[in-house]
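One chain, chain A, links the two complexes that follow: it is found with chain B in the first and with chain C in the second.
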Partner chain A sequence: MRKLSLENINKLFAAVAEDKTLYLPVDQSDGSAKYSKWAEGTVWSNALNTVRSPKDLFFPQTEDLMEFKTEGKNIEVIDIRKESEDFVIFGVRACDVKSFEVLDRVFLSEPVDSYYASRREHAVIVSLACSRPSETCFCTTFGIDAINPEGDVSAWKTATDIYFKANTEKGEEFLASIEALTEESDDTAVNEQKAKTADIMKKLPLADLTTDSFGGGKTEELWNNPVWDEFSQTCLGCGTCTFVCPTCQCYDIKDFDTGNGVIRYRCWDSCMYSEFTRMAHGNNRLTQKERFRQRFMHKLVYYPENNGGLFSCVGCGRCLSKCPISMNIAKVMRKIGGDK
Partner chain B sequence: MNMREDTLIPKVGVITDVRIDTPDIKTFRVVTPDGKKAFDHRPGQCAMLSIPGVGEAMFSITSSPTNTEYMEFSIKKCGCVTEWLHQAEVGQQLTIRGPYGNPFPVDDVFAGKNMLFIAGGVGLAPLRSVINYCRHYRDRYGDIDIVYGSRSKDDLLDYKEIIEEWSNDAGVKVHLTIDNPQEGWNGHVGFVPNYVKELNFDTNKTAVLCGPPIMIKFTLEGLCSMGFDKTQIYTTLELRMKCGVGKCGRCNVGSKYVCKDGPVFRCDELDELPDEY
Partner chain C sequence: MQKITRDQLITKAVELLSNGTVSAVLGWQKGEFDYDITPAVFTTEEEIKNNFVYNDFCGANFSKYLVAKTKKLEGKILVFLKPCDTYSFNQLLTEHRFDREKVYAVAIGCEGMADVVKLKNKVDGIISIDYKDDAMYVDTLYDGTVKVDYADVLAERCINCKSKKCVAYDELMGEDGEVIDSARFDEVARLEAMTPDERFAFWQNELSRCIRCNACRDACPACTCEKCVFDNPNSGVENKAPANSFEEQMFHIIRAYHVAGRCTDCGECSRVCPQNIPLHLLNRKFIKDINECYGEYQAGAEVGSRAPLVDYTEGDLEPGEVFERGDNNA
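Coming up: the complex of A and B.
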């Protein structure tokens, strides 16, 4: 385990940023935190997590895919892809690290999405263990260990120091690159903090939430559950939950005429929107009830059915704190699983 | 650049023929600019066609893979992309990518079987690929029955090919029907599901259905009441799609993605999906 005094954290950031772009949570003027590019003077946020998840860095909200030039009846397709630059995402929480695995199974399965893959290959993920989990946290429900986050490098922050442990070859390289700034340390302080956090985790309001009622093969059982009628009544269909969700990956592809050619881009889309499935011959999800059901069934039943039991929710709690009508996946799971 | 190929990046195609089939359906012949077929496909597979600046949409490939020179798409005018295509002329370029989805099991399950094809309206487009594949390898299949219905005589797709080629093939019976009586039409009048019941087919056939959802629903019920098992009946679905490879999430029904796990499904497989297609 390598240790660095927090007094010197900016020296570490400066060293990392010398040859790689560094992203880390930074406080915004509205009080929220956001993954931002580090530059001299940037202050690393103390916030538990960012409002928007780090999925943006692999799967941006909008990205240009290709360009076309048209002349008369002729079309030229222009491949505008560029290999991603090397970058480091620093301070990723355990839930968000897990979300990358959920996204990987979509974008890196054949045929591989080259846009996502390039960013993924060029990224080093430095995770950060939680020490002050919030009442909206429920990562443990999905078997995620907030005090032992995955990633290329795992980090633990105490009041005075930060500790690093490499988990992958990329992680070893990262630690080697900052070796001069860090010193070897035992894990006493880290273990003390882990024990304290584990105690807090046990007392969280959602600590007893389980996935027992969910998983692959449950479609028939859950399809006609009255929860879909009841809970979708107040759903505004705003899509906020899908936009802040680290695992939501549905997208749209659209064309933009620049006046000097056409850019084909993709952007996040949401199964909560009425247009999502609308086509020339009709719409297979006509009401918000059907769209609402799709989102939760996908995360809790369909996705695990196709991915060896892995759920497409990581319990980050963003949808709990951001839904304008305070509806969320935890409520749905509680209702279906039986109120406790 | 050394990035891997990406299925989202299409090839350029060029329209080399436009056939007016019905008042709202045209059949477009497409090749690459150097005159070749854009890619190989199997009967029942689809391709994404696009006009940059207008949009991209998924279409079934109506020509048989045994046609090695070009691909054909029978397209009904019903939205942005299709309206644009309908005003396109020969020589117009477009983009094409694919093939997408699973084909009909023509070489294993269908081999040696008597085939019953049932189509309504533009639903003949995906079936024409299989029908012409079976006609090409005629000795691999038993008797072939084709039931095809449309709103009117003028709405029958591929009419010339049906009358001049399909109807003259040995062991191929074509049963045409239109919804309402019409001057100059001496054939059957009535909806497809009822006509199928009237024809009272022997159940020693493998059936392939495609048409409007309501036609599929009632025809399927009819076939089952005649004694067909759902494992003998295949259909092909259509939902909104963007990527074509199970990533954009749009055509997700239950744990399946119609673009990559379909569009061809056996009807008993559909029973396992939630009723949302």
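Coming up: the complex of A and C.
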């Protein structure tokens, strides 16, 4: 385990940023944090997490895919793909690290999404263990260990120091690149903090939330559950939950007419929107109830059914904090699962 | 802290439901942590007794729900309206957006609502909240019980409350208040006093956080188009995501124009914004301008009033005056 005094954290950032682009949570003017590019003077946020998830760095909200140029009857297809630059995402929480696995299964299965794959290949994930989880946190429900986050490198921050441990080859390389700044250390301080955090995790109000009622094969059982009617009644149909969600991965592909050609781009889409799944024959989800059901069934039934039981919710709690009407997956799970 | 209690509202709801006055109740449903309250439609006494709550986090404006909820309704729906909600209620009636006959409106006095973001900036790990006369006592994961003064977490729209007067109801609970000479335009005046570059930088910074989730539009009681142009693939301007930060300005400015003269300044747009963008300031700028150019006008103060922008009087401002005014403002 390598150790660095927090007094020298900016030296570490400077060293990392010398040959790789570095992203880390930074406070914005409204007080919330956002993954931002590090530059001299950038201050690492103390926030538990960012409003927007780090999925943005692999799967941006809008992205150009290709261009077409037309001349007479000829159409030229221009491949605008570029190899991603090398970058480091620093301070990723365990829930968000897990979200990359959820996204990988979608974007890296055949046919591989080359845009996503390139960024994923060139990224080093430095995770950060939680020590002050929020009441909205429920990662343990999905078997995620906030105290021992995955990623290429895991980090633990105490009041005075930060500790690093490599988990992958990329992680070893990262630690080698900052070796001069860090010193070897035992894990006493880290273990003390882990024990404290473990106690807090048990006291979280959502600690008893389970996935027992969900998983592959539950479609028929849950399809007509009255919860969809009841809980979708006041859903505004906005896209907040899907856009702050680290695992929502639906997108739309559109063409932008430039006058002498076309730029084909994709942008995030939301199953909450009325035009989502609109096809030539019309739309098969005509009411907010159907859209609402889709979102939760996807996270809790369809995705695990197709991905070996892995749920596509990581319990980060962003939707719990941000839904304008405070309706969310935890409430849906409680209602269906019954109070334990 | 609210003077009207949960128990009073439950008694009222149960009474109106059981005597057949209404067949459904639009109210607040309890959440996991006391502050995460969801608007809900209750149809049984049991649901109301078990799940109905009312506290300082019941800020949601129910007026807009009436557009959808009255459409297929048998009988009437009971809606609880805070003073500011009654303005939206009237404005929607002015625009013929729902059938008044299908609604039983109970107006309730309001002491101002709390802002969850403000509370969370003060307190970590909120488990539950006890509302006492002097302050709210928040039970937390980390710091035991924390005393939080109501004034310290009062929502901006309530600090600058424009009116405690209930302008529409079938029945009033609690005391009716008065229209308030609030300081709600002070922040607009501060922005007006900026140079154009400063003002541009201010809005660029705020709007750059927009994730185009449409929560502002979807919560807005003035946004009740059956199909918004931004959702309509045939409109030519449909877009689900921001292409650049300028486009976000376009979206919000177009929306502000669209609701100009109809916005009652209920503040829902800013409350629901996940990125804490002070969207209400755009609308307040329009309200302030309308007041200054055409005389004081409050949308929703009564049903059927003609907003200055859709009315003609001989004393109306000439286009040239507007142009000069814009010039001075730059």
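Here, the second predicted complex is superposed on the first by the 338 of 340 C-alpha atoms of A that agree within 3 Å, B and C clash if a C-alpha of one lies under 4 Å from a C-alpha of the other, contacts with A are read in each partner's own complex, and residues count from 1 in each chain.
Note that in this section contacts are C-beta pairs under 8 Å (C-beta built on N, C-alpha and C of every residue); 3 or more make two chains touch, one makes a residue touch a chain.
Fair warning: this is a prediction, and the values are worked out from it, not measured in the lab.
**Student:** Between chain B (first) and chain C (second), which, if any, makes contact with A:R285: first, second, both or neither?
**Tutor:** first
**Student:** Let me test your reading of the model: by the given contact rule, A:D252 touches which partner, first (chain B), second (chain C), both or neither?
**Tutor:** It touches chain B and chain C both.
**Student:** A:C267 in the overlay: touching chain B, chain C, both, or neither? Say first, second, both or neither.
**Tutor:** Once the two structures are laid over each other on A, A:C267 reaches chain C alone.
**Student:** Which positions of chain A sit in both the chain B and the chain C interface?
**Tutor:** Overlap of chain B and chain C footprints on chain A: residues 252, 269, 278.
**Student:** Please output the residues of chain A touching chain C within their complex, sorted ascending.
**Tutor:** Chain A reaches chain C through residues 28-32, 34, 51-52, 61-62, 132-136, 200, 203-206, 230-231, 233-234, 236-240, 242-244, 252, 256, 265, 267-270, 273-275, 278, 320-322, 324-328, 330-331, 334.
**Student:** Spell out the residues on chain C that touch chain A in their complex, using ranges where they run on.
**Tutor:** By the definition above, chain C touches chain A via 31-33, 36-41, 60, 65, 117, 120-121, 124-127, 141-142, 205-206, 209, 211-215, 217-219, 227, 231, 233, 238-243, 271-272, 274-277.
**Student:** Would you mind writing out the residues of chain A in touch with chain B in their complex?
**Tutor:** 65-66, 68, 70, 73-77, 79, 81-83, 106-107, 109, 111-115, 117-118, 216, 219, 223, 249-255, 257, 262, 264, 266, 269, 271, 276-281, 284-285, 290, 294, 298, 301-302, 305-306
**Student:** Can you list the residues on chain B that touch chain A in the complex?
**Tutor:** My answer: residues 1-12, 50, 52-56, 78-79, 82, 89, 91-95, 212, 238-240, 242-243, 245-250, 252-255, 274, 276-277.
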